[in-house]
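Once you scroll down, you'll see the structures, which are given as structure tokens.
In what follows, subunit A forms one complex with subunit B and a second complex with subunit C.
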Partner chain A sequence: MNDRARTVLFLVSAAAVAAVLIEGIAGLSPFGTHQTAYAAMLLRVAVLERHVLNVATAVNFDYRGFDTLGEEFILFTSIAGVLIIFSELRGGKTLYPEPMDGPADRGRTAAIRAFATGLAAFVAAMGMNVALHTSITPGGGFQGGAIFGSAVVCIYLGAGYAALDRTAKKSLLDTLEALGAAAFALIGVATAFLSGAFLKNSLPLGAAGSIPSGGTIFAINAAVFVEVGCGFALLLLLYLHQTCKTEEEQR
Partner chain B sequence: MSGALLYLPYAVAVWLFLAGAYGLVRSRHLVHSVLCLAVVQSSTYVLLLSIGFLAKAGAPIFNPPQVPPGSRSVDPVVQALTLTDIVVGATVTSLLLAMTIQIHRRKGTVDPHHLRLTRG
Partner chain C sequence: MSLLEIVAFLAVAVLGAAVVATRRPLNQVVVFGLFGASMSLLFFVLQAPDVALSQIAVGSLAIPALLLVTLMKTSDKL
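And now, the complex of A and B:
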């Protein structure tokens, strides 16, 4: 199909889709004027029932925890897919990172290296901090994990791939990521045995406003942090690994 | 705010969806296609968050005694959905980009017009 025919076909079908979507949004309440009964109910009961002040956290890891488990496995499967594609692509060949005095490393002084290492440690600690405060601030395992993973980029920018390859171990990250995903599912299985319902909150809730509050919410949050943090770090490593060259490419 | 303006955020979501789809149809580069898909996906964030918005309300995070539990807040359900959506979207994008790299190594092109149906 040529470009012109394709565009015409798109415009015709887009007009139809747009008509349906516009009809749909015309049936919504005007912006900012309506709250669903479900949201209103959760806002009323979440703090009393689950002892967490961040209601979005309570929804994520408890009231709609089963949905989040599904999303977790989409994440897990995607990362596994990247791992498989990249290992199949150049598997079996020996790969060499750019040498330390290669073009990418020129201009990196000892001060820059030291700063980048410090920054990586700070970013990793920041990620853990954001994840830890899930029940009382807008933090959580997803956000904290994404921050944690970006520590990899700090090391890469400041010290180069060769240094990164020595510090961050792919096999360790891969294992931890899988354990994080498994922990989430196993918490569900354990609660099913303890209380008769999958993912039912059945740990002591703690005091509302304290960091370890919310029972299973806190445990699931930790599992999600490990999975997302290690998963993002692994993804970045896998992509940066593609900058390595085989012996023939190096020549 | 009045009249049509009260529906503007929803209209933005529709616009993002259609603009992203247009980009997908006209794409001549797979990386561009992946980014267009990300634009399509971002329409879901805008739609979810604008449905959850409530005028003169705070974040659904209480901080007693200044913000006691039960204060007027925006919808926490759509926020939780958007949160996981963004993180999952990022990893799915990375999978698609990895596929793009694989296609480039195998076929030497990333222009969808030059890719024929792959034979098994």
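And now, the complex of A and C:
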């Protein structure tokens, strides 16, 4: 196919797609005016039934908790896949491209180091804060965990991979990640024994608006935070390890 | 539609197109990160702060970081 025919074909298909899109968007009801029966019901009952002010959290960890369990295991399996591919294929001792205070490290001034490592502490604290307030303010275990794991990148930028590799224990992160994922499933099994239904909220709910409120919601949130936080940190560590060569690859 | 919504929608449209229009992969990762940030602004403006938080961490930090390492690994220069 020559360029001209290709352009004509593109323009015709683009026009067709645009026509369907414009037709569809024009037919949408204005933003915020269309509320499903399910949404209306949840907004009415969630706070009273579960003592959780953030309805999104109540949906994620309770009303649709089973869906979230599946999603957690998608993340868990993906990270397990990365772990297998990246660790099994590389043998030999890691050769750091940038030893601390070595020639490759000179571009990093003391100010950059102090700022980036300080930022890591702030990011980690921010992640814990977002996860802790899941039942009150937006965010929760997933968001908090993802923010917490990002602290790894700040340490990398501030101190380099060698320092990161020495302080972060991959085996510990790996274990904690698995324990977090298992805890979510085990909470489901425990509630099934306690109350007869998988993931049925059967812990004391606490006062609405207090930090540990929502019964199993808060417990599941903690499990998700541990899994996502350690999972993201591990994932970033594994990728950053790719910036180094190993002794075997050097030969 | 409020002014902030218009700004957020336009930013997503312009930056989304910019991701496609950027040819050099390294620049593309940076533009992609900005696109992710504009998406989180849009989610926030549309009253979905939970999604906005996920988008900031995943779309404008984790994915660009992983892409940068992949580029470095495949091109031997960064």
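To be clear about the criterion, the second predicted complex is superposed on the first by the 200 of 251 C-alpha atoms of A that agree within 3 Å, B and C clash if a C-alpha of one lies under 4 Å from a C-alpha of the other, contacts with A are read in each partner's own complex, and residues count from 1 in each chain.
Note that a residue touches a chain if its C-beta (ideal position, glycine included) is under 8 Å from a C-beta of that chain, and two chains touch if they have at least 3 such contacts.
Quick caveat, the model's predicted, so the values are computed rather than measured.
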| item | value |
| --- | --- |
| Touched partner set for A:243, first subunit B, second subunit C, both or neither | second |
| First (subunit B), second (subunit C), both or neither touched by A:142 | both |
| Partner chain in contact with A:38 - subunit B first, subunit C second, else both or neither | first |
| Contacts of A:56 with subunit B and subunit C, given as first, second, both or neither | both |
| Broader residue contact with subunit A after superposition on the shared chain, subunit B or subunit C | B |
| Contacts of A:171 with subunit B and subunit C, given as first, second, both or neither | neither |
| Partner chain in contact with A:3 - subunit B first, subunit C second, else both or neither | first |
| Subunit B versus subunit C as contact partner of A:109, first or second or both or neither | neither |
| Residues of subunit A at both interfaces, subunit B in one complex, subunit C in the other | 31-32, 54, 56-57, 138, 140, 142-143, 146, 232, 235, 239, 242 |
| Residues on subunit B engaged by subunit A in the complex (per definition of touch) | 1, 5-11, 13-14, 17-18, 21-22, 25-26, 50-55, 59-64, 69-70, 73, 75-81, 83-88, 90-92, 94-95, 97-99, 101-102, 105 |
| Footprint of subunit B on subunit A - complex, ascending | 3, 6-7, 10, 14, 17-18, 21-22, 25-26, 28, 30-36, 38-39, 42-44, 46-48, 53-60, 64, 67-68, 71, 74-75, 78-79, 81-82, 85-86, 88-89, 136-138, 140, 142-143, 145-146, 208-209, 228, 231-232, 235, 238-239, 242 |
| Subunit C - residues contacting subunit A, complex | 1, 5, 46-47, 49-50, 52-54, 56-58, 61-62, 65-66, 69-70, 72-73 |
| List of subunit A residues in touch with subunit C within their complex | 31-32, 54, 56-57, 130, 138-140, 142-143, 146-147, 149-150, 153, 232, 235-236, 239-240, 242-243 |
